[in-house]
């Protein structure tokens, strides 16, 4: 008999059906991956297993855990199971810990709660558990508060809480999504070793197929609240059946059709020895002010028609650099010129040559304006901006160029999906035909299939418009596919630069190597899965 | 429907008051300028639905005209608060951490540090009791409220990418404030405005109660309460009626404010689904 | 269990409330009044509240007011007046002691009078002493006061609270620790709440029945009502809310004393401000006013209508209310004759007392009926003094003139109603030089007629002085010839 | 932590300096002369001048400002114009009423609000929650002076459980003193309790939607346990803010309530002083109240840091 058997699980939130006939089972020591795009019902499944669904949820079906149906248990019984037999690790380590309690207290709490340990004994056990998840007291004292820890360390604390009582089942809901690749690799390794060590079962929920490939024994693909396909990992990779599975895999390994373009050394943007630092808060009032360097002596250039990538983990100085190039924030040293003219304190005639596409499709638009007004906002930079019919026509044409309909211009932004919004953002960036576009993590927030479409669009527009752009991303695969040349940035400095292909295939700098090794890889795709985006 | 319960009840109550106030311009049951001592202190009856006061005036008419005073004072006070506070808050938000921001926010803190009621009494007592000074006194304390609220919201908006996009489009901070920030504050300002409005009505009642609000013969609910105070023991309706009018109005506005916040806040709306 | 605990607590509270009130009887008394004295020196402030607590209880003058308003002997047991009427020789009582044990003698009298009339005096009624040219100590119990001219009201002036005898030894601390010669000693002052007095066992006169007295200050009329109803206080002098009096009258636990005061409540008129400088306009106003409605509406029936500036209980009073009968038609006609057929606009500035605030609303309504639009503004006393009294920036006002025998103010053209009538001024000069009672009476009657017929002010009513007391308290002053709460004759009925 | 405290203390001092200037300026430009007020309508001009000199009102404004602030630094507020006694003593005496009253009301308000807020938050959406929140809406809408009038009518005049007002003093024992502050404290506390319960409820509900609450639930904590062990402390920040605001409101805002119950507290003192143009008392009391507000905010800021470790090092 399996450890967990989910039988025909249906869940409705009010009128909305979020899980439909979900069935699967899980053995001791097995890792099951639940994967799918946002809204597919992955997380809802996890919450259903924990019986932590919202109050309005209506459950139908059975969840047999160690032969007992969790859906019929009382709250009191469930409290005994949660944390001791079934545990959960959540996505966002920054918010998953109580900010006002020490990590020791938060780990001990589970022990005190379920085992009735004395606070002192619990504390000692907590210490050994924290040690086990890679937080020895010598590195991270137990009295620390969550805000004093890095993201990876916090996620280790969350894991420590979850495995404190060696549960039979661990549910990890996107445990590494919020983390950098190098940290992600460590956390995944930790989870894997814990499973192995304690022989617990784990459900790993993730949108990232590459992660799944290296971790899971079985994979379940979810779409619209249903499991559309489920199979052992190797089997699934070699012979997938469901069209959605195929399209998902296709999108994940998607590369765009953007032939390398050699350019002559004709600088469009020239960044010379720029530095920018931030003042750190003083520990006591008479201390000398200390500074943190966000960007330190960075130089590079983008030529006309060049597509440059910038890779780096969070906090490496990418955004500071972007803001400096856009002329939004001042720099302390160095110069940034566009076509030989300084962008700092630049007038409209310089600024009109740079536009930007941001990461967050939801925060990039004023919700109170219509698309037509949103798209033509950069017209502000033109001395004789088109208006009336002319402008209307331009907007219509551009919307069609980015794959939307011209009638969309009279809609408000909330009527669009995330992918459509990114298209509108690109339209906005292109409307005044800038010489340089900055894509600031422009596809990071998108689901894989949508991401593939947007990357294709960027490639298409790059060809049609002859764009030069700076493409900033933490995702090496994406950078590989849409850039000619790339920079690797770390701690405010550029550590390696060169042709994208060369760098990614033969990295020279240790950091670049580490980055590439840490990135989870998809296995080779089976035949019949094209490398093109699903339409 | 259930989620809009507050909004519906609140709007209904507020509308009654608003209609009574507006209607009083056209018609009131009795002329309240005409005192009629022999008719004084009648309990509610068919001639006077809510009875008469110590001067023989019709209380229903007084309540209707008094609603006008209460609403006008509170509305203008909110107007002062918004008119001055919002631009200050927006300006402070554009220069986060800079001198201007510091000056504006420290001044705000300073005003907050003053005991509002005492200062309102001081202002009206020193510069003369009357509706205008009451408006100013209440209005002054609305300024930092609106400045703080709009600065806080504006600061988080300034972090939004659409604001960056507007800056990339070369728009000035002033223009962005007007074009992008302000429209996105309207919900918040409507909600805060409603709350301040109801607080304004309470403040006006308090000031009038100590004799520093609207001056006779202009009726005011607070002063009706003050006048009634010594007569509660033998004519309780004199205090109960204006008291109820204040409570229902403030209750209505508060419910409406809460309802509006729930209805306008997309975050709450989502969580309800 | 919880319920029964609550019950016990409630009962305990109720019991103590009853206990604390029933203890109060026999030898001590709690007297409440509306206003608290700003400080305790009757000789350097206008506040009537000081006299209300201290006059005749703690401080005494050479002469004093009796409860009927007559002037009787005080610290001076007798006096001689020279034939020309300019020399007063006071014979002081012997063996009188201040509360600090020092003796009261002629030196103290000289000190008190000289202090009041000196250059840097801060006496609010300095005019009372203006005629004094010299104060001489004849012997330890005899003082001779010389006036520059005969003054018929000198003995009356010396009875005022502002003319009480103080000692140089204790003058320094008088504002917080008053030391006088009266039947009660000052004990304690909890500012904002109460003043406590105790019987002076060395009192020269007959010993009072009370051992101690507490004056409590309750400015809020509601609180006043509640305090009396709850019997937290035994006596409330000058009860501020006449509307509540019928309830006390109907309650056997209480007695209500309605007495007369020296307070002529008038519609003060700025005689220099057009169109109020026109006697026809003033007459029109007088006829527009319905006195009885004001007394009923503002004072709930308490108060005596007056037609001139004179206390009705005074033997020389003339009833001139007929000069200003309520007649709106006549008022309109007069206005038309004066050139204001459509009325005019003026200001009505009101000080805080409820007679003024309520009366003001009623008068404004009555004036509106004949076309006069009076814009009401409610002022604090300080503002009223500034704007109306000193600044003369007003059209109409309502105020009660509580000083006794103050018709003389009409002879002062700079006084705030700015009435300038040489005939009246001459009459007043003659009056002060006249000591013959019959002649004085004639002159006073004439004076009353002049101001009534000139409609200097609107004459409304004589303020009633209402005291609510426990039914068992006796010996309280019914009338109020001056602001005082004389406790020397008060006792509990057993 | 130390730096945080130091920074807050510095801004406290600055605010006090500014406040003193503002207060002095506002009060000094006010029309009305204390000397004329005191001497009444029959006073002669030379008498008034003599009194002005005696009060020191004939000196320049700047000199008087310096004297006033300098005195305050030494703990001496000067001498009242009308009462002619030490303002420090007057304030000290009234403080013994205002402070206990404020604390009493605050304690009542907190004691009512905490359970009510907790109850409402834990039964969110249930009839009990709706009913309790309805009552608090009403509580906020009721003017406290009107509520005070009702309390006097019912408990003092009809039932005669409490005295209608006045303050018996602390000399006769704690019970008597507390008793005479009970009705005013209730009148002050109920509307405040309504506000506080609502804040408490919404802060708790907001906290309950945080990720770490889910973590705690996944640990096996029951809803109640989560509420107590995790939500409560995190919800304290907004609640503390309101408690701080309420304390300052209760110190000064009691002015009308003190009027209704004729309590000789600070509020009554300042009200009386305003009407009597006892400017120096007005200035001093307002200054003291500002000082109280600012200090309470300072304490609240420190309390934040105690509650939330993230603030201990922050800017």
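For reference, chains read A, B, C and D in written order, and residue numbers begin at 1 within each chain.
In this text, a residue touches a chain if its C-beta (ideal position, glycine included) is under 8 Å from a C-beta of that chain, and two chains touch if they have at least 3 such contacts.
On a predicted model such as this, the values are computed, not experimentally measured, just so you know.
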| item | value |
| --- | --- |
| Taking each chain's C-alpha mean as its centre, the one farthest from chain D | A |
| Pair exhibiting more inter-chain C-beta contacts, C-D or B-D | C-D |
| Centre-to-centre distance between chain C and chain A (centres being mean Cα positions), rounded to whole Å | 86 |
| Cα-centroid distance, chain C relative to chain D, in whole angstrom | 38 |
| Chain B and chain D, separation of their C-alpha mean positions in angstrom | 22 |
| Approximate Å spacing (C-alpha centroids) for the pair chain A, chain D | 49 |
| Junction residues of chain D, two or more chains touched | 31-32, 149, 157, 259, 274-275 |
| Sequence positions of chain B contacting 2 or more other chains | 125, 229, 232-233 |
| Chain pairs that touch, as defined at the top of this document | A-B, A-D, B-C, B-D, C-D |
| Parts of chain C lying in touch with chain D, wherever the complex brings them together | 10, 13-14, 16-18, 36, 38-39, 41, 44-47, 119-127, 175-176, 190-193, 216-220, 222-223, 225-227, 229-230, 232, 352, 380-383, 385-386, 389-390, 403, 416 |
| Residues of chain A that touch chain B when the two form their complex | 13-14, 16, 323, 326, 328, 348, 351-352, 354-356, 358-360, 363-368, 377-381, 425, 428 |
| Residues of chain B that touch chain A when the two form their complex | 160-162, 164-171, 180, 183-184, 273 |
| Residues of chain D touching chain A in the complex | 2-3, 6-7, 210-212, 214-223, 225, 229-230, 233-234, 307-310, 313-315 |
| Complex contacts: residues of chain D adjacent to chain C | 31-34, 36-44, 46-47, 50-51, 53-54, 82-85, 90, 93-94, 149, 152, 156-157, 159-167, 169, 175-176, 179, 259-262, 264-265, 268-269, 272, 274-277 |
